[in-house]
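This structure is in C-alpha cells; I'll ask about it shortly.
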Amino acid sequence: MVRADGRDALDIRPLRLELGFNAWAEGSCLITVGRTQVLVTATVEEKVPPFMRGTGQGWIQAEYAMLPRATQERTHREAVRGRQQGRSVEIQRLIGRALRGALDLSRLGERSVILDCDVLQADGGTRTAAITAGFMALWQALLSIHRKSPFHAPPLKGRLAAVSVGLQNGQPLVDLTYAEDSVIGADFNLVRLSTGDWVEIQGTAEHRLFSRTELNALLDAAEIGLSAIDTIQAETFPEGAVLIES
Amino acid sequence: MVRADGRDALDIRPLRLELGFNAWAEGSCLITVGRTQVLVTATVEEKVPPFMRGTGQGWIQAEYAMLPRATQERTHREAVRGRQQGRSVEIQRLIGRALRGALDLSRLGERSVILDCDVLQADGGTRTAAITAGFMALWQALLSIHRKSPFHAPPLKGRLAAVSVGLQNGQPLVDLTYAEDSVIGADFNLVRLSTGDWVEIQGTAEHRLFSRTELNALLDAAEIGLSAIDTIQAETFPEGAVLIES
Amino acid sequence: MVRADGRDALDIRPLRLELGFNAWAEGSCLITVGRTQVLVTATVEEKVPPFMRGTGQGWIQAEYAMLPRATQERTHREAVRGRQQGRSVEIQRLIGRALRGALDLSRLGERSVILDCDVLQADGGTRTAAITAGFMALWQALLSIHRKSPFHAPPLKGRLAAVSVGLQNGQPLVDLTYAEDSVIGADFNLVRLSTGDWVEIQGTAEHRLFSRTELNALLDAAEIGLSAIDTIQAETFPEGAVLIES
Amino acid sequence: MVRADGRDALDIRPLRLELGFNAWAEGSCLITVGRTQVLVTATVEEKVPPFMRGTGQGWIQAEYAMLPRATQERTHREAVRGRQQGRSVEIQRLIGRALRGALDLSRLGERSVILDCDVLQADGGTRTAAITAGFMALWQALLSIHRKSPFHAPPLKGRLAAVSVGLQNGQPLVDLTYAEDSVIGADFNLVRLSTGDWVEIQGTAEHRLFSRTELNALLDAAEIGLSAIDTIQAETFPEGAVLIES
Amino acid sequence: MVRADGRDALDIRPLRLELGFNAWAEGSCLITVGRTQVLVTATVEEKVPPFMRGTGQGWIQAEYAMLPRATQERTHREAVRGRQQGRSVEIQRLIGRALRGALDLSRLGERSVILDCDVLQADGGTRTAAITAGFMALWQALLSIHRKSPFHAPPLKGRLAAVSVGLQNGQPLVDLTYAEDSVIGADFNLVRLSTGDWVEIQGTAEHRLFSRTELNALLDAAEIGLSAIDTIQAETFPEGAVLIES
Amino acid sequence: MVRADGRDALDIRPLRLELGFNAWAEGSCLITVGRTQVLVTATVEEKVPPFMRGTGQGWIQAEYAMLPRATQERTHREAVRGRQQGRSVEIQRLIGRALRGALDLSRLGERSVILDCDVLQADGGTRTAAITAGFMALWQALLSIHRKSPFHAPPLKGRLAAVSVGLQNGQPLVDLTYAEDSVIGADFNLVRLSTGDWVEIQGTAEHRLFSRTELNALLDAAEIGLSAIDTIQAETFPEGAVLIES
C-alpha cells in the first residue's frame, strides 16, 4: 500500500532534529517530522516541587501548547482564553510521565527539568514528536549538568522515542499525518526505550474497536518506526552516550 | 499470593451498582467498589456541541471531580481554585472517549448525554469505577429515551466495563487499591466491551518499564476482572438488553 | 391545611442523619430530609487562616456546592465555569457564620475545621440541611480531637440546627420543599441553638412583604421545627454530650 | 449613653444624598453617611436576563465593590485578583433582592435596571447605605423612563431604606460605625418600605447569641432610624412621588 | 478657532484638584477637569516587590480602573468579567512609569507607594488626569513620610503633569474632550516635569499619520497646557515644595 | 563608538525575514534580528469585531506572547498562569495600532486580519521586530486576498517598519540589544511608513529625562535604522508592491 505522501505503511516521515536551537536554554531541540514542527526547550532548576522535597529525587515536568496558527484553522490563544485546553493538559501529563520513565530520578538529585513543548506547525503526531524531541532536550540539559557536577551513575535508562500507529482497513500504518489520523480507526501512541522496554501504551478506539491480535500487529509496526527514530537520535548526539546506563 | 484485604491476585473487590440512585437524572448509578464510591448521573440534552451539528450523530461527554474529602488528605475544591486539575481533565476525557466507543453515535440521533462522575470516596480505581458506572447510567438514560421515542436499531455495541491492573514483583494484580497502586510498578487502565473487543488501553510505567510478555500477562488478568464486572452489570439491568446489538 | 406531601403546616420532612458516612474525614454526616440529600465532611487542620494567627482562637470555615444534577435541570459545574456561583458563595458564608456561632472559638485552640457541604440531591432547604448536618460533622470531629487531646472546657454552647419557614396565604409553613419555596411569599432561614438562643435570622420578601406580626408567627413556627430536629440530633450522637456546655 | 461620635444610641449619623451626581447615568446618588461614602448609578437597559425573557416582567440587578483604599488598610483590587470577593457577592445579592422587593416588577415592563454601588470610603454600614442610595438612583431612573413612556400604574410600592443596628451591653445602637461594628455582639441589617412593611431582615450573632426579646428591641430601634432616613429621602426627590403606589 | 465648549485651541479645561479627599489614605487627590473626574489615592507600604528587594531603592506602582458608568454607555465591571481590560493594563503601566520618572527612587528608601486611580466620570483625558492627580497624591504621601522620618535629600525631581494634544485640520488642540478625541487625527499623551524635561511621549496616528513638523507644533502646544497645569499644582500644595530638588 | 557586538551607534543588527515560514497561514514571516527571533502569522477572517460591523471597514488585531524560554531566565507560561501579563497586553495593543495605521481600513472591506506574534527567542527589540515582521505577514496575506478578489485600490499607505533607539551618554544608539536596553537612559520605540510619515512614537524616560534637542537627535538616528529595514522589506517581497499606494 502506498500512502498519500508516497510512504509505505511502515515508514516514518522525514525526521530532522536540531539540537541546541535555542540560545538560552540548558537543552533544546527543534523537531521537524513531515510538516509537524515542535520546539522543545529544557530548563534546569535547582529545586523540586513541594511533594518531592526531601526525597533526594529529582523531577521532570512538561508543558505543551500550540501556537494559534499551528493548525489549518486558527485556534484561540490559551493565554487569552485564560486557561489551557483539556487536550493540552492531557498531552503535557503524558509527556512528563514518559520522560520521567526514561530516567532514574534518584540519580538526578533534587533538581527539576522543565520541558516546554511549543508546536510551531501541526500535521499529526505532535505529542509523539514532543516526546522524541523532549528526550533530546533533556539529554542535552543533563550533559550540561554533568559537565559542571558529574553524575555518579548514568541517570538515563536508555534513549526514549515515541511514535503513533493506527489501523487502516485492518493494516497498521506508522507515523500518521493529520489527514490519516482523521479517517483511521484505532489510534495508538507508543513510547519505548532504546532497550526495547515500554514506557507508555495508549490506544483508543473511539471509532473502531480492536482485538488482541490487532494490538499485536500494531505493536510490531510501532517497533519498526521506533527503531528508525532511535537511530537518528543516537547519531544526533553521540557525546550524550555517557549518560546512558548500559 | 494473598493481598492486604484478603483477595487473590485476580479478584476484584466487592462491587455494588445502585441504579437510579438520583431522583432527577435520566440515568444514574452509585458504584461502590471496596471503599471507592462514585456517583454518576446521566443527563440527556436534545442538542449536540457545535462541532457535531448537522452530522445526524449524537455525542457523549463526561465531567469528573472528587469531593474535597474523598481522599485521605483534603484536596482543594476545584471551583474555589478556579479551575479543574490536570488529573481531572485527563480522566474525564478518558471517560468520554470510552463511552463513545461503546455506542453507535449515528443511531443515537442529534442529542447529547452528559455524564457527571463525582467521587464521594476514593481508594484507588476511581476512573475505572466511573466508566463502569457511567455505562450503567448511560444505559438507563438510553432506555428512558427509547421508551418515549424508540431507536430503530440498538445503539449500544455491547456492555462496557473498565478495570485497573498492575504488576507486583512481575505478577499481575487486578483492581488495585490506593495502597497497592502507590507501590506497584506498571499501572494499566483497560476498557473492554462485553463482546471482547477493546476500547481503550492505557499503560504507564513511570516506575517500572514493561516488556511485551508482561503486557500480555496483564491483559489476560484484566480479562478475568472485566468478565466478573460484566456479569454484575448484566444482572443489574436486564431490561436494558434490548438496547444492545447482538 | 394539608401539604402536597401530606404534612401538616408545622411538620418537618422525614429526617435521617448518617454520622460517619465518610471513611476518611474526622467528622461526617449524610443528611436526608425528604428528597434533599447533603453530604458534609469535617476536616481538622492544625492551623488557622492568617487573620487569626496568634489569637489563640480557632476557626470554622465552610464550602458549599451542588453536584450538577442535584437539581431537576442540570446546572453547569462550577469548576468548569472557573468560579463559584454567587449563590454558593452566599450560602457557604452563612454556614460558616452559623457554625462559628455555636462554638467558643477560644476553647477550640488555634486549629481550623473545614466543612465541605456537597449537595447530592436538592429539593429545597439545602442550606439549612447543610447547617444541621454540618453541626453533626463538626461535633464528631471535635470528639475525635477531644479523645487525643481533651478540651479543658466544653467548646460547644449547645446543639445547632437550622430550618426554613415561609408564609403561604398568611400561614407559616415549616421546612419548605422546592415546589413550596417557588410559590411562597416571604422566605426565612433560621438558625438556633438547643438553648433557645438565636444565631442567625435571614428573612427575605422579594415577592411578598411582611409585618412584624407575621414575623412573630414565623418564628413561633420555626421553633417547633427546630425542636423536632434537635431531638434527632441529640439521639444520633449521645456520646457527644460531653462537649456541650451546660 | 453617648457614643464615641457624640450620638445617642438611636441616632443615625449625618446623612447627605446627592441625586444626579453622575452626568451620564439615568439615575445616580452619592450617599454620605458619617465617613461612609457610596456612589450608586442606575443604568436602564431595554432587555432582561435570559431567565426573565417573555415573562412581561422587569429585573433589577446590583453590583457592589469597594475602591482599594476605601478602607483603612488597602485591600487588593478585585479586577486584579481576577474575581470578586465572597463578601462583595453576598452584599450585591442582598442589594438586588431588597430593591426588587420595593418594586412591582410586572409594572416595570421587560427592561432591567443595573445598580452599580461603588464604595469610595468605608466606615461601617456600606451595604445599608448602598440600598438607601440605590433606591434613590432607581427612583430617578424610573422617572426618566416615565417621562419618555409613562407607566400605567406606579411601579414602586413605597420608598425603601436600610439601616444597621446592633446590641451593645444589651442595648440597641442604630447605624453602627466600623469601630462600633467591630466590638458589638449581634449585628443586624434591616430593610423596610416607607409603608412599614419589611423587605429583608438579616441578623447574625457570630459573637453573641440573641433572644426574641432582644430581637424585638432591635427592630424597635431600627424603625426609628429607618423613619429618619425616609424623611430625608422624601425631601430629596419630591418629584418622584408620582411613581409610588398610595 | 473656537471649540465646542468655547475654549481656544490651546486652552485646558477648568481644572480642580481636591487634595486629601480620602480620609484614610496617606495621600489622595480628586481631580475634576471639565466633566472628567478621577479619584487617586496613594498608599505607602514599607516593602518593595520581589525584583527590587535589597536594592535600597523604592517603587511606585499604579492601578487604573473606570467605574462601570463612568462612561456614557455602561461598561462591564472588570471584577465580574474576571480580568482587567487591555486598555486598563496599558494605562496603569503608563501611570506607573511616569510617576517613577518624577522621583529619585534611591532617595525613597525600600518602600512602595501604590496609586489607585479610579475614574468616577470620563470625558476624555482620564489617563493624563490620573497622572496629574497621581503626582499630587504621591507628593502628599511623601510629605506624610517626611514628617515621620525626614528624607536626607528631596526625593522629587520636579512637579509632574500630563496633558493630551491632537491635530485637527493640521492645527494642535490641547486637552481633548471625548468628542474631540473621537474625530481627531493624531493623538498624543505627554508627560513633563516642571523643570521642562520630558518623561514620556506617546503619539499614535491610527487615523492620520504625522510629520516631524507637526510633531514639533504638537509639543509646543502641549508645553502651554502643561505650564497651566503646573501652576495650579504648585498653588494647591505649597507646603510640598520642600520635597522637590532645586 | 563601537558597541559590544561591534556595531556602530547607528547600525541595525543583521536582519533576516523568512516570508511564508508557516505552511497554513495566509501570511507569515519569521524575523531574525541578532539573537531576537519572532514568528508572526497572519490569519484572514471574513468578519469583523462587533464594534466594526456594518461600517464597511476592516480590522487588524494582534496578539503577542513569548515562549517561556525565549528569555535567559524561564518565565511562567501565560496559559498556565491563566492570563496574559500586562507587558504582553501593552505590546499587542501597540502592534495592532501600528499596523492599522499602515492601512486604509475602508479599502480592506469587512474582514479581519489577526497577527499572532510569538517570540521564539528574545534579545531586545521584540516589539519592534514584531511590527516589522507583522507588516510582512499582513502584506503577504493581503496579496492572497487580492489574488482571489482584487482590491479596487491599493489598501496599504506604504511599507511599515519599527525600530528602537536609546540615549547612551547623550548619544543615540539604534536597535538596542537586551544588554544595552538595560543600562540605557531614555528608551524609544518608533514606527514609520516608507513614505516618511510617522505612525507611532513612544518614548519613555523612567531612568533619565530627555530634552527636545535630544528627542530630535533620537528621531534622526531612528530614521537611519528605519530606512535600512525598509530596503530589506522591499527586496524580500517585490511582488507585493502592487498593494501599496503611490
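Labels A, B, C, D, E and F are assigned to the chains in the order they are written; within every chain, residues are numbered from 1.
Note that in this section contacts are C-beta pairs under 8 Å (C-beta built on N, C-alpha and C of every residue); 3 or more make two chains touch, one makes a residue touch a chain.
Computed from a predicted structure; not experimentally measured.
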{"item": "Path length in the contact graph (chain A to chain E, fewest steps)", "value": "2"}
{"item": "Common touching chains of chain F and chain D", "value": "E"}
{"item": "Same-residue or different-residue interface between chain A and chain F, half as cut-off", "value": "same"}
{"item": "Centroid comparison with chain D (C-alpha atoms), farthest chain", "value": "A"}
{"item": "Distance from the mean Cα position of chain C to that of chain B, given in whole angstrom", "value": "34"}
{"item": "Centre-to-centre distance between chain D and chain B (centres being mean Cα positions), rounded to whole Å", "value": "51"}
{"item": "CA centroid of chain C to CA centroid of chain F, Å", "value": "60"}
{"item": "Multi-chain contact residues (two or more partners), chain D", "value": "82-83"}
{"item": "Graph class of chain-chain contacts, one of line, ring, star, complete, other", "value": "ring"}
{"item": "Traversal of the chain ring from chain A via chain F", "value": "A, F, E, D, C, B"}
{"item": "Chain D partner contacts - residues on chain C that touch it in the complex", "value": "83, 86-87, 89-90, 92-93, 97, 100-101, 157, 193, 195-207, 209-212, 215, 219"}
{"item": "In the complex with chain D, residue positions of chain E that touch it", "value": "22-25, 28, 35, 39, 41, 43, 45, 63, 65, 67-72, 74, 77-84, 88, 114, 116, 118, 120-121, 123"}
